[in-house]
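Scrolling down, you'll hit the structures one after another.
Both complexes below contain chain A, partnered by chain B and then by chain C.
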Partner chain A sequence: MAPNETGLQLRWSVLYGASRGLPVSAFGGVGEPNATRFKAIGLPGARAQLTLVLVIAFIWSVVALDVPGGLVHSGGIDALGEITSAFFTPDLSTDLLGTVIGDAWTTLAFAVAGMTLAIAVGVPLGVLASGVLQTGGLQRLGVMAGARSLLALFRSIHEIVWAVLFVAAFGLSPAAGVLAIGVPYAGILGRILAERLQDAPQEPLDALRTSGASETEVLFYGRVPSAAADVVSYAFYRLECAVRAAAVLSFVGLGGLGLRITTALDDLAFERMWTAVFALVLIVVGIDLWSALVRRRLLR
Partner chain B sequence: MNSLIRRRPFFVGSSLFLLFLVAASWARVFAQDTGGPGLLSTEAWRRAGDFMADLAGASESGSPAFAQWDAWRDALRLAGDTMVMSVLAAGMAAAGALATVAFASSNLAGRGWVGGRLLVAVVRAVYVLTRAVPELVWALIVVFILTPGILAGAVALAIHNFGVLGRLGAEIVEDIDEAPIASLKSSGAGRVQLLFYGVLPQVLPQFVTFLLYRWEVIVRTSVVVGLVAVAGLGYELRLDLAFFRYTDVALLLIVYVLLVWATDLVSIALRRLAR
Partner chain C sequence: MSTTEPTTATSPDAANHEADICKIDGVTFNYGNRVALNDVSFSASRGQTIALIGQSGAGKTTLLRIIAGMLTPTSGTVSLYGEQPSEIRDASRRTRLVGMMQQRLDLVPQLSARHNAEAGMLGRWSLWRSLAGLALPLKHGPAEDALARVGLAGRGTERVSKLSGGEQQRVAMARLLVQDPEVIVADEPVASLDPDLANELIVLLKSIAKERGRTVFASVHDPRLAIAHFDRVIGLRESDVQFDLAADEVTSEHLQSLYERFNGAERDGAATEMERPLWGI
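Entry: the complex of A and B
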């Protein structure tokens, strides 16, 4: 599948489509004849079945829900009111803002450090998993299967579960935080990279081969350029996820925005909590904008 | 490559900033004092080795939890709770996103009048806010309002994923083909009819594909939310770790990974139906 070249801005749909199993072409409308996009009105066979399955699953989940102690706390409604009104009056005192900026930096730093580890581990594993460097043979299949299983294991476990495990293993160490982000994100980045390298359009690669390029040269001059925009966008999206993860990792003793949020909640100081939450929102929006700028220039 | 050179100032600037950010971040990480062993100390790695041995049952007498049928049954029941939480969350998030997505799309709501554009901006701001805050933090807030349990966890997961699905949905809606809508309009269709006959049929297949993909993510995350929402595998994991029941931890991890893999397989099968 060719990388989607129509979206000039960062399109999340493109990012999510980047993993195989999603019909990438459908999201940007590339190569999808209009006829297939419009017959959904009558919900033909397969789609009707799917709708039915999803609706039944949701009804099952509601029925299976067991609420022994009632839905809402005794003071729940009051708490909702306080949390909502605090949203409009966040604590913007200079003292708190200074602390929150420091916390935001801690959170961002752990996210970036975790991502560097994820890239350092995920890129080599992803190249091995794609099997584009070796030519044929059992050895190639073995390497691919090994790299793929390792990547799958890395990404099967959520970053916070990794964090809990690493803290249990290492104690409260910065290594636990960096590894907790780096390991699962290496698994995801490696998989996306492998798929994108394999899915590079064949014609330019064959042209390189006929002009005498080795597979390594084909990788760098053929496959990498065609995969670059999507993989870079995906890495940025993962950085955004890493910021959220790093914020939450403070629960395991790393400081940062999450710790600020929990201590504010412990004191029922919802105004302070929203200030920290807004800092998180600002980081996420900033990464989003930077990513959109880079993607636009990579695709132009 | 030529075109890369033409756009050089931006890439040079971006790369320099990135290098600076990475260097400063690692400096910050190494400076972090958590009171535990240092980042690369041998003490930290020795402890990690001990922990792995404990998971395999080195420090417990008697048969490890993952060799006991009763323990498996309990863990599978908790996995069922986790599954209920994830489906409930995906359903609520999808309903919320579908109900609001028309107001977040500039080609439907934001055309012409100022109020429409304002509405688009407000709904999109809500999407950004809900998705910027991680599920676990939403869970901490939600348990102030709802009784801790499966529902509280599901609501926390739903709030975050509402923002994610809303943003994805708005992008799909903005990419739709305008021709059938124009022809519906010219044959006198009202706004609601336009939505149901012009927009939704185009949007739903892609939306469902994303929803299934998000459901995989939600299953993974429901364990984390369970840590605070006092439900499912997550809460049990926390208890077992707190009481040093390491083989139980190992069992829960096995069940968790199996659950995630099973979810992926079901999701792939369902996505094939969506095409």
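Entry: the complex of A and C
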């Protein structure tokens, strides 16, 4: 083994020497002194040289690409103009407003139902994953590892992929949409909750234990109050995301604002599209205001 | 217990005798190979107020934590009303026997003053009762009474994070009142307060202890406060009891020898090295 080892060492030292000795000027890093010298005499530095190379590479790649029908759609500029002008003249006819309000209600219902499921599943799992209730060594580790991997499984799959899976299982039913939002969001919410519960400052918790609190009482009197504001505002942010996700899921046929937007786009009826988009924006703004109110109460 | 020669007690049932109902007997505590307390013995009678003074690192906090049962001594015993606090597993019994007030940061800032004070009941309440206390608009009699006693009448619903430092200290005292242990252990209860406020709160602590017949062990930063308001003053230096006197017997010579710096430079270095870990705990 000895000759091999020396060989390895030799190669390493050669590499090492090369990396130290070579004047690496193009990409900053090792060539830092070079770069500063360039700057000092007014020549473009390593970063500028790199930018130039990348820009040339990009232009070359665009020219080299052979896209059938041209890279930019010939009617694209016109369509963009139509979309822009429709932005200022959304369709506000009572007919459409009625349907859009119904669609908005559907989307909101999916989002709220999904979030409710996420909270119902994510909160208990998050508490278990934080390991704050168990004191025993092995059992605690087992519970934590189990809850953590379940949460990881939930959130490592995107809601659209969950939607495809659940639609395959249940068909195009509302349950599929609610589960598709609820499952991944439970994973995210549970993880955030677990971390916040663990990060609660220790001194007040110790004082609670000294006054005779059990770990469950420490959880409710110490950890939950310290985590509440963060977790609640994060849950509201997630509700906004759930509204967006519900809209996207309705593209795949679950009904709601997303479906309205797709059909309007298919008809090139941009005025109708904007009406639906504005409804979506209104929901998100509404949630934002609600969230601010709740947060103010929590931090009163 | 035959660990060391007892200072005052002789009979085996001395623990139930009023005169030395709290007995610290030959207590030694080591953090790794650093000696934090070296064979400390003294006893106290019911209702006595005892101040611990000394430089930081002298072992005051360690001693108080041992009395409160939060640390188990390396050797020696602590006996309060005939029981060893660190041996009591039942939370209700332990919290009735001894309660501790820490230096700072021991309240839950997001909770109301009332809920913080009510935490003193957690040792006695069932889980359901304590959850109901948080969630339902129940009567908060004991907590409100205790808050009124410390001068925070009618302010139970305020969040602790919105209270001033002195008010937070009062809430911590109210929590101890709600818990109402036989032995009150207080580690620097007024360390971060201005002198007037510190004085006021020490007087409050003393009068509460006297009216209920509670025994108090408190470490006090300012020896003048200790001498003015406590029955007895124990001077700790280098992990050892340097003097243990009635408050009116403490002289300026005692204090001078307690607080004078170490002589040798290398001893000084060793001492500051020891201070840090003791503070941190």
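Just so we're on the same page, the second predicted complex is superposed on the first by the 228 of 300 C-alpha atoms of A that agree within 3 Å, B and C clash if a C-alpha of one lies under 4 Å from a C-alpha of the other, contacts with A are read in each partner's own complex, and residues count from 1 in each chain.
The rule is simple: a residue touches a chain if its C-beta (ideal position, glycine included) is under 8 Å from a C-beta of that chain, and two chains touch if they have at least 3 such contacts.
This structure is a prediction, so every number in the text was calculated from the model and none was measured.
If you count the residues of chain A touched by chain B and by chain C, you find the higher number for B. In the superposed pair of complexes, A:L150 makes contact with neither chain B nor chain C. Once chain A of one complex is fitted onto chain A of the other, the partner contacts of A:P201 are limited to chain C, with no touch recorded for chain B. Legend: residue contacts after superposition of the two complexes on their common chain; A:A292 is shown touching neither chain B nor chain C.
When the two structures are aligned on the shared chain, A:G212 is found in touch with chain C, with no touch to chain B. In the superposition on chain A, no contact is made by A:V232 with either chain B or chain C. Residue contacts after overlaying the shared chain place A:F170 against chain B, while chain C stays out of touching range.
According to the touch criterion, the shared surface of chain A, contacted by chain B in one complex and chain C in the other, consists of residues 300.
Every residue of chain A that touches chain C in the complex is listed here, in rising order: 201, 203-204, 206-208, 210-214, 216-217, 220-222, 225-226, 228-229, 300. Chain contact summary for the complex, chain A toward chain B: residues 11-13, 16, 19, 21-23, 26-29, 34, 37-38, 40-41, 46-47, 49-51, 53-54, 57-58, 60-62, 64-73, 76-77, 79-80, 83, 105-106, 108-113, 116, 153, 156-158, 160-161, 164-166, 168-175, 177-178, 244-245, 247-248, 251, 253-255, 258, 261-262, 265, 273, 277, 280-281, 284-285, 290, 293-294, 297, 300.
Taken in their complex, chain C has these residues touching chain A: 68, 70, 91-92, 94-95, 99-100, 102, 104-111, 115, 119-120, 122-125, 127, 130-131, 134, 159, 175, 179. Within the complex, the chain B residues that touch chain A are 3, 7, 10-11, 14, 21-22, 24-26, 28-30, 32, 34-40, 44, 47-48, 51-52, 80, 84-85, 87-88, 90-91, 128-129, 131-134, 136-137, 140-141, 144-147, 149-151, 167-168, 171-172, 175, 177, 180, 197, 201-202, 204-206, 208-211, 213, 220-221, 223-224, 227, 237-238, 241, 249, 253, 256-257, 260-261, 268, 270-271, 273-275.
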